[in-house]
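Some structures to go through are shown next.
Two complexes, one shared chain (chain A), two partners (chain B, chain C).
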Partner chain A sequence: MTATENPATQQASNTYRPSTLQRFLPFVIAAVVPFILGATTNDLNFWWKAAITVAILALVARLAWRWTPRGELTHREDMRLWRTPSDRSWAALTMFGLLVLPFILASDFTPPMDFPWATWFAVVNLVLIFAMGAAAFNLLVGYSGQISLAHVAFLALGSIVGGIVGVQWSGGNMWLALPAAALAGAVVGAISGLPALRLKHLYLLLATFGFHFVMMLVWREYLQEYFGFVGIRFKGVNSPRIASWLHWLPGIDPDENGEFIITGQFRWYWVLMPITVLSILFMVNVIRTREGRAFAAVRDRDVSASLLGINVARSKLMAFALSSAVVAMSGVLASFYIGSRGEDSFNVQTVLNYAIIIVVGGFSSIQGAIFGSAFFWFLPEWFKWAREELWFVRDIDFLSDYPSEIDLAIKGFLVVIILMFKPDGLAGMWRDFKSWLGRRLARNNP
Partner chain B sequence: MLLAFGNFTADPSVNLQLLIGGLALGAIYAVVALGFVLVYKSTDVLNLAHGEFLMLGAYFALTFLISENLNFFLGVFVLLLVMLVFGLLVHYGIMRRMVGQGFFAIVLITLGIATIIRALLLIFYGPTERARLDLLPQGSFEIGGATVRYVDLIIFAVVALCVLLFFLFFKYTRLGLHMRAVADDIEAAAAMGIDPDKVYAMTWAAAMVMAGVGGLLFGHVTGAIDRSIEAIGLRAFPAAVVGGLTSLGGSIVGGLVVGVIEQFANGHLGTKWREPVAFSVMFVVLLVRPTGLWGRKDLERV
Partner chain C sequence: MSDPILSFDDLTVQFGGVRACDSISGSVERGSLFALIGPNGAGKTTLVNAVSGVYKPQPGAQVQFHPVGKSIEDLLAYRPYQVARLGVARTFQNLGLFMGENVLTNLLLGRYIHEHTRLIEGGLFTRRAVKRELAARAAIERVVDLLDLGAFRREQVGDLPYGVQKRVEFGRVLAMEPELLMLDEPMAGMSVDEKQDMIRYIYSAQDELDMTVFLIEHDMGVVMSIADHVMVLDFGQKIAEGTPAEMQRDERVIAAYLGTEVEV
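On to the complex of A and B.
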């Protein structure tokens, strides 16, 4: 075999390695342009901005696609989080989309057929909070295989820590409550994971469900001891704010009292989005480490995992601690965002809601948690809009007579249908779509 | 918080009343736990929708026995028949496709079924609460200063009868043998010419009928019939676990034990302690003896 026929050398000749500037440029564009678009408030009309946005979306996606190393890669390049052209493309698109979204939603624009622009913003923020909690839930239940129904218990724990550290001690310091909740969540999560060392599947599910009820008792006791029946108020004087030594940052203009209170959907978005994105990236990266692979090994067969030298007990407790820490943090965020937490803020239905989210989104995939929570929150809004505005739905009395019941029924049917026919959920559909798109593109330009 | 435990009373009549109330509650738990055990024993499915099945039974009892005003026995017959059809529907419509799926996926699909039933009941019956059923004798008599309701005695008798019937059924009938065989090893059973599909269908039908009986009975002792009675399904978990999820007789013993413990916690510690205490008992049982008092132990091979 001559050197030219050797497949290895042929592959090497196909190797393409962009410069560092090229590698980062699409992401820099995606990070900067939204703020420029957002800053130019009144100069352009909405449709112009929309056209520019779409054009830049396409540009960013194309550049990220083209400037991807391919061919013979180094180990470092092979281990990157976004490795393939499509990964990098979607990452750049997502980055641009997440940054430009608040400016679009805050803009003064009436969509056709009165589509509720303002409620969308609230829904987007809720989706962010729920995506974080659901991703952590999925990390534990789907990815590590430790069946737990104690999920809402940790949301309640987050609210308790938010109440103690954020409200009682510091009068609205959410920034202190977040790490405190993560710490408390990790410790209590590891304790709640102790039954997992002995129990599996069904019995573990029941044991964690027992933990749920114990935590609910703690929550009620705490509420009645310090706050009475009205519940904890995270609003008003207890609203989170940006400390005064950070007021020099661009885009932060303090009010007449010299304070910058985080209130309103726009400001909340800029708090919630980075936290959610960072925690989800953190969990995605955990899955890629030795620790994360150990989770999957323990899920598949714990005895075999122990033969491979994995400390099964440590791995299980770690999964519980990690997941609970993130869930407790999302509990703090939810408390401060929603503004009040009372006796009936947490119930069994909330557990079911999270289960619905991860089933519809796609079991054991972090992506699925995001899709699932988006679907879960947008569906009722969309139905509400359809019932009020859409001409062929508006006239069906049955639908407008039982709005919430029909939402509930649809959610139930969705869970059943997805589990029966499409167990991968929306994330699976998304993967199918991407591979279809890839085949389609490959066919057009081979 | 822990010091507020007080309120312990030595008054025997109070404790007797609590004991009797606990046994009555335990009988209801036993009915529900029996439904769990039936399904778990032969299909290995933890049916989280059983509370909703029971609610369905209670509402159908309202329809057939109160609204339609049928003769009691005819009404009960129609009720159980309808529940049986629903059980077959659950199996052939949904659960049949889930055989062989992961454990948690099946648990979640029962949650989906639960959600659907709840939504449909809300649509067709509305959120307003209805008065409880009053078809069984309503009186009571006194023993040693404690009141015993006739209804509780009837519930107790019905549960004991059901357990006995199912016990005989599993032990002496051909279908019961098939059910046990399928529960033990579905592939071996299928190789011996047993149709697991049919066995599963019968199991779900039996569980639904049991839920119909449970709904009818629980409809007599609950405060009012509304959407909150589904909670009985979750509250009966400790009973099923303490007795052992694969043991018919265990469900009745577990039900009574947990019912009494819960009622004493309720009486001496306060209502809020009811669920935590019951679930803590379950927790301890799970840690010490995961298969419950009489559950079957499974060996695990690698």
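On to the complex of A and C.
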């Protein structure tokens, strides 16, 4: 059987027509990229700007060319991450947005009503870190069905590895700490997953929560042994920097000491965004290949999974190891980004925060973790702004008197609402919106 | 003549005081269609569970599996996933599908033992991982064609009608390309048309894909028309064994099914 005979197609495809988004995307990019590159304060020279614009355009054109279905979908096309034209348009838009966002946030634009433009950059960076950790957590809890509360323990593990490898050994080498944390996270994660071989559901939750407290003990001992109660400082001399042999890259202009220190939101964004995107892509790829399918099989019916030749114990431990490795990496990033980690950086509240993120975002999808963490960080910021600037909110004393309690109450309330009415969470709403939009566009443009 | 692919001897499974299977012996000829029948609670599914490693039988039992061109394996020494890797696949009476996943994923899971992509390879989506993934998809394409599942490819299994779900599960074990296919009541709850389709599928699995079929079935009519060899269980005991025609005449079998008092 050849691949072309495959009926794996949804649209009968010779009548393929690009969507509105797809048709305009290259124009938007062509118009916006030079403007953005010109508006940034970085003094890139003209040739770099031209080269970047041309490269982006060429990439978009190439993808558009390659991804246009001709005839029926082959297996290779059917396997793509973004299968339908609308998926691809959204993906391209997201990619474009991610590239443009830091330039917009770094500009000196002042929105009306004192909207806190400057703080939003910090929030975006936190969203990136949390999205990575929450996506890994969702892979374990939502996708693989292994209920665990030990993820904050792995954030702490990330900080410990960051402290040992990144601070004590190498004085601010985050690049060394990241793979070390991934390795440590995988090993310790597999060990923390051992109760999953015998326990399920609530019992597993309790066992992993126990692991959380064990790790907290380790963390406290480690802090007291080497750093005292002040905690570890990942800032200043310990800030990560770009190695000198990479200083030829565009946009990297070393300071007077000949160093390029990663500090400030803009530079951090370009560190955090690629790492987050790549690690999420890694997890998505795992899900759509052999071992990831086995995770789902073990989640749904473990007896039947084992009769397909899946070693259930091994599969569960791998899910724990993968998730923990990524969470530990996000722990390293968080430590270096936030700059200091102390005794109370990892409390039970953080555990709950991650749970809120994945429930609100959507339990069943990696995408949900991204939505959830965006929601988790943007809501308080927006609420703070609303309390200060919107007259109808400002006048309610009650809201200003108990800001953080009300934050928490809103989040708790939303968790209940979402669990009751929309178990797919924000990711589900987004899916619904996309299909609604697709239907609308199809109606206007038959 | 005698070239058994599977033989079991003195197989006893006990749950507390209940003997679900009481020292049952028998063998399945290579390439044949072996049917195991019996009334409710006769121990049919328990026997299959013991063979595939889900239940541990009492000591003294022997289950030997002889794959083509390989040495004889004692299945009791293996765990269920290892039994599956040796080439024994089975379906479940009450469906062993992964309801949250789509048909494609369910079928691809049948290729798990034949693919060899590791976690990190898959995550990096290396060229080799892609190649293996494509090979797996090409392999299940045969099954999709055989079972007419093309229309349901992207549907979530939990949303499909029961008859189609049964077909998906059958397709999944076919994708495993086992040497011995154990089907636990593949026609339970089906309409007459669906039953006939399923019989056709089983025949083509046996002929085209060269598998030995071990069938548990309730429906005497079906068994009599398709089986080469029949074993009858009742209350955990083997009461008769032979060709379908012999079984139809056997008084103990008639008694087990109709409840007549017969002296054994």
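To be clear about the criterion, the second predicted complex is superposed on the first by the 380 of 446 C-alpha atoms of A that agree within 3 Å, B and C clash if a C-alpha of one lies under 4 Å from a C-alpha of the other, contacts with A are read in each partner's own complex, and residues count from 1 in each chain.
By definition in this document, a contact is a pair of C-beta atoms (placed from the backbone, for glycine too) under 8 Å apart; a residue touches a chain by one contact, two chains touch by 3 or more.
If you're wondering where the values come from, they're calculated on a predicted model, not measured in any experiment.
Using the contact criterion defined above for the overlaid structures, shared-chain residue A:I56 touches neither chain B nor chain C, since it reaches no partner.
In the superposition on chain A, A:E291 makes contact with chain C only, not with chain B. Of the two partner chains placed around the shared chain by superposition, chain C is the only one that A:L322 touches, whereas chain B remains out of contact. Contacts of A:A186 after superposition on the shared chain: neither chain B nor chain C is touched. Of the two partner chains, chain B and chain C are each touched by A:S304.
When the shared chain is aligned, chain C comes close enough to touch A:M283, but chain B does not. When the two structures are aligned on the shared chain, A:M79 is found in touch with chain C, with no touch to chain B.
In the superposition on chain A, A:V312 makes contact with chain C only, not with chain B. In the three-chain superposition model, chain A touches both chain B and chain C at residues 301, 303-304. If you check the complex, the residues on chain A that touch chain C are 1, 3, 6-8, 10, 75-76, 78-79, 282-283, 285-286, 288-294, 296-297, 299-301, 303-312, 318, 322, 364.
Against chain A, in their complex, chain C makes its touches with residues 52, 54, 79-81, 83-85, 89-90, 92, 96-101, 105, 108-110, 112-113, 115-119, 121-125, 129-130, 132-134, 136-138, 141-142, 145, 150, 153-154, 172, 176.
The touching residues of chain B, counted against chain A in their complex, run 1, 46, 94, 97-98, 101, 103-105, 107-109, 111-120, 122-123, 231, 234, 237-238, 241, 245, 272-273, 275-276, 278-280, 282-283, 286-287, 290, 302.
Within the complex, the chain A residues that touch chain B are 141, 147, 195, 198-199, 201-203, 205-207, 209-214, 216-217, 220-221, 225, 301, 303-304, 348, 352, 355-356, 359, 363, 402, 405-406, 408-409, 411-416, 419-420, 423.
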